[in-house]
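See the structures that follow.
Presented sequentially are two complexes of subunit A, the first with subunit B as partner and the second with subunit C.
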Partner chain A sequence: MALEARGVTIRFGGVVAVNGLDLDVRQGEIVALIGPNGAGKTTFINCVSGAYVPQSGRVTWKGGDILGLTPNALGQRGVSRTFQNVASLHDLTVLDIVRLGRSLGRGRTERRSLGLFTTRDPLAEELTETLLAPLGLADARHRPIQMLSYGHRKAVDLARAIAAEPELLLLDEPVAGLSSREAHELADVIRGVRERHGCTILMVEHKMDVVNRTCDRIVVMAAGSRIFDGSSDEVQVDPEVRRVYLGEP
Partner chain B sequence: MTYILQLVTAGLAVGSVYALIAIGIVLIYKCSGVVNFAQGAFVMMGAYLTFAASRLGLPPVLAVTLALVLMAGIGVLAERVVLRPMLKAPVVAVMMVTLGMLIMIRASCLAVWGPDPLAFPRIFPDGALELFGVFITYNYLTAGVLSILLSLGFLGFYRFTAVGLMQRCAADNPRAALAIGIHTSNQVSLAWAMSAGLAGVGGTLLATLNGLSLGLADIGLIAFPVIVLGGLTSLGGALVAGLLLGLLQSFTDGLLSPMIEDLLRAHTRIYSVGALQQVVPYALLVAVLLLRPQGIFGRKGSERL
Partner chain C sequence: MKRAHFIVGVAVAAAVLAVTPFLDRYVAYLVTIVAISSIGALGLNLLTGLCGQISFAQAALMGIGAYTAGNLCNAGLGLFAIPLGGLAAATASVVIGLPALRLRGLYFAIATLAAQFILEYLFKILEPLTHGISGLLIRPPTVLGFAIQDDRAYARLAVALLFLVWSGIGVLRATNLGRSFLVVRENEIVARGMGIDVARTKFWAFLLSGFIAGIAGAMSGIASRLANPEAFSFALSVDYVAMIIVGGQGTLTGPLLGAAFVTLLPEAIQRIGELFNTPSILSALREFAFGMLIILFLIFEPLGLMAVVRKLRLRLTASKPGGKSPAATTEAV
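What follows is the complex of A and B.
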């Protein structure tokens, strides 16, 4: 197993946000983590990415324990993530954000030693073009990120995470705020990233059409626990999932 | 006309050094949120260290380089030992600590080198260059050109390199920077190192123009009107404002003061307006704070002093 979580539990005061969660993701697999609001999906991603340290449990990536590592240390192990809420950055342009991803990725040391210390980075420019052109943002590379819509800022955040050339990509609602057409374009980009780099992807997402289009497997969470693990065909007929999502008896 | 050009060159030379020092203050503020009142002390100490290195027999270039490196180390030390433990302290407490650093560094220099002004070793050649009838001493010329080149080089570093990009991100939103994997505490240390190093070089350049004394630390007080004018968070603004202030001081000293004195002599018994050029920066500071609190290049509503 590439990513392995065992018994991850995190509480905030009296609220158990994630409750003994076990989750496996195989190398090169795209897994969607879905569930109602408050199910603990983002909290779990935050545990894996070092933002939170759970009270108990274990998370390993390629056999090495990654729980409690800083985002910087995780970056060096090939782990990159996007955020549900994109932070305010006033001074940076779209291209700056993508270049940041390149600068923080695993290959940064090699890139610097090769004299690519400057931000003149053809790959960053190419990624900006590939990822953002379908969203009509091809000309926006020098535009301040703050001037973009929420959805487009999230797309730039995705471009930053991909620019790091990660082995494990954690995506938190990557297509939120985008139109249906744009969401499908980005879903194809995400699959393309897996095909191109062979990276493993764990993705929190609400839009089921995007999940079905992108993911190999679906894990459903409710009240901090895993209630389903299977294919997109199976999830639609699973009685427990229908009860949680649709309120069926 | 020649006289005006003379004032312009002198103003730009001094103003560029102000800019260099002010850029250091802005950098620290952007990266760590600290208004560093000790910047003037860094300026003074840099000059004294260059002086000490020259006395050891080092050639000028090596002496300045050594002072720069030592000042960068002192900047890191100040951040790690003094400022970092105060990360969650109230802003006023942090400002008081930087004031304390100013007093400590000044007292240390007083103890080692004494209170009297010292003859600063000659770094640039004697003589002057004549350009369109204007005589510019090599001291002024080199100090001005070096300061502008260093300032532009620094702005270029900040704008075009990967580390500069990380610095900008860490300065813009430290929490977001940390979340995406930037080692923000290292970036803050680097900012202090660069800021103190720049101040040290600025101090050396000022000492070549005005001589070496403890009074060099007062430059920190002039740098504050510069950053208020330029906008507390704008590095480019600090450069432009530094040059503007240098010009303003030069014209006040060379044109405005004599005109006012002539007027006063004609109508009153007052014969001198004193060092009016030293008042100008603060008059400007008050005017800017009243009319445009965010400075010329600052973002509206982002920082108001």
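What follows is the complex of A and C.
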């Protein structure tokens, strides 16, 4: 198993955000993590990406324990993520952000332009073009990120994470704020990343058409625990999932 | 930095260097002090405007640069004293900064305030190095046997240093480190989450901004041939904060405007005072005027003079067809 979480529990004061969660993602697999708001999906991603240390449980990546590692250290081990809410980053352009992303990864294809003091990075320019062209943003390289729409900013955040050339990519609602046509384009970009880099992907997403288009397997979370693990056909008819989502008895 | 900006910078620096030999001594003096405070403001702007750490220890760091360069100059090291003064201040800046790594915002500012007062005290009591309250006399540095002791020569040296620092920061802004500064400034938690090593990023900000402060201080000591505690007091630190606020934090050229404004304003007030024979009243007004000015800028134009310049430029170009769009002008200039 590439990513393996066992009994992960995260509490915030009295709130149990993640409750003994078990979750596996195989090498090269794209898994969707879905569930109602407040189910603990973001909290779990935060824990795998080094923002929180859980009160109990274990998370391993390629057999090595990764709990307690900083996001910086995780980046060096090939783990990178996107954010559900992108921060406002004044004065940074689209290209700035993609370059920064690349400099925080391991530089699998090319390391030279990743130093603290280098200013040129042709690979980042190329990546910016290919990743953002599907959204019609290929010419936006030098545009300040502040001037883009929320959805496009999220796409740039995705480009930043992909630019790190990760082996494990954690995505938190990557297509929120995009039109459904753009969402489908981005879904193809995400699949393309897996094809090109053999990357393993865990993706939180609500839009079921995007999930079906992108993912090999679906895990459903509710109230901090896993209630379903299976294919997209099975999830439609699962009684527990229907109860949680539709309030059926 | 855009190539066009760099070319303008080269042209301005070359023009100033070309006219300095013909300047009136007083004007040369003004050019020198504006260039020195511009260097100091660029240094503080690196830490505050780019990396988001407000510091009130700028004057003390400049003092370290001045005392170090002064002693080395007197020992016959010539102009090497200037970068060495920079190194000494860079070391001090890191020493002040590292314990403060865990502190954010106002708490960090207060820690630097404490550092300012401690260093001022050290300047007074470390007599063998600083000559106490009376100050350290600095002999003119010699280059190839020629002593640099003319106001016009100081102006040339200061402008050359300013150009180097300004272009250096322009390049830095376009490096991975420069980008990390900006993310840390906006949000440390996001920066950390992205995988930026926040502590390392701040370490570099302290180091580089301290180095630049040290160079400004060294140049200031050499040009005034004196380093004394009064010249590097808390009030000067406040002036530097004022410069970057008035000029426009985070921009490349704003600190230069702010430095010129804050440095020349008291000169202007003094001249006006002499004209009307009331110098003392007006100089008392100086601190008050500064305070008001900072408050007014913070309320009405937090982005400083640079934003005013941009708006003017927009207004000028907007009327022309094919003028620059607002998008093109938001990049840090």
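We take it that the second predicted complex is superposed on the first by the 239 of 249 C-alpha atoms of A that agree within 3 Å, B and C clash if a C-alpha of one lies under 4 Å from a C-alpha of the other, contacts with A are read in each partner's own complex, and residues count from 1 in each chain.
By definition in this document, contacts are C-beta pairs under 8 Å (C-beta built on N, C-alpha and C of every residue); 3 or more make two chains touch, one makes a residue touch a chain.
Given the structure is predicted, the values throughout are model-derived calculations rather than measurements.
S.K.: When the two structures are laid over each other on subunit A, do subunit B and subunit C clash or fit?
M.R.: Aligned on subunit A, subunit B and subunit C clash with each other.
S.K.: So in the superposed three-chain picture, is A:Arg99 touching just subunit B, just subunit C, both, or none of them (first/second/both/neither)?
M.R.: Once the two structures are laid over each other on A, A:Arg99 reaches both partners.
S.K.: Quick one: subunit B or subunit C, who's touching more of subunit A?
M.R.: The larger set of subunit A residues in touch belongs to C.
S.K.: Does any part of subunit A touch subunit B in one structure and subunit C in the other, and if so which residues?
M.R.: 51, 70-72, 74-75, 80, 83, 87-92, 96, 99-101, 103-104, 117-119, 160, 164
S.K.: Along subunit A, where are the residues that touch subunit C in the complex?
M.R.: 49, 51, 70-72, 74-75, 80-81, 83, 87-93, 96-97, 99-101, 103-105, 114-119, 142-144, 146-147, 160, 164
S.K.: What residues of subunit C sit close enough to touch subunit A in their complex?
M.R.: The touching residues are 171-172, 174-177, 179-180, 182-183, 186-187, 190, 192-197, 204, 250, 327, 330-332.
S.K.: Any idea which subunit B residues touch subunit A in the complex?
M.R.: Touching subunit A from subunit B are residues 160-166, 168-169, 171-173, 175-176, 178-183, 299, 302.
S.K.: So in the complex, which bits of subunit A are touching subunit B?
M.R.: For subunit A paired with subunit B, touching residues are 51, 70-72, 74-75, 80, 83, 87-92, 96, 99-104, 108, 112, 117-120, 160, 164.
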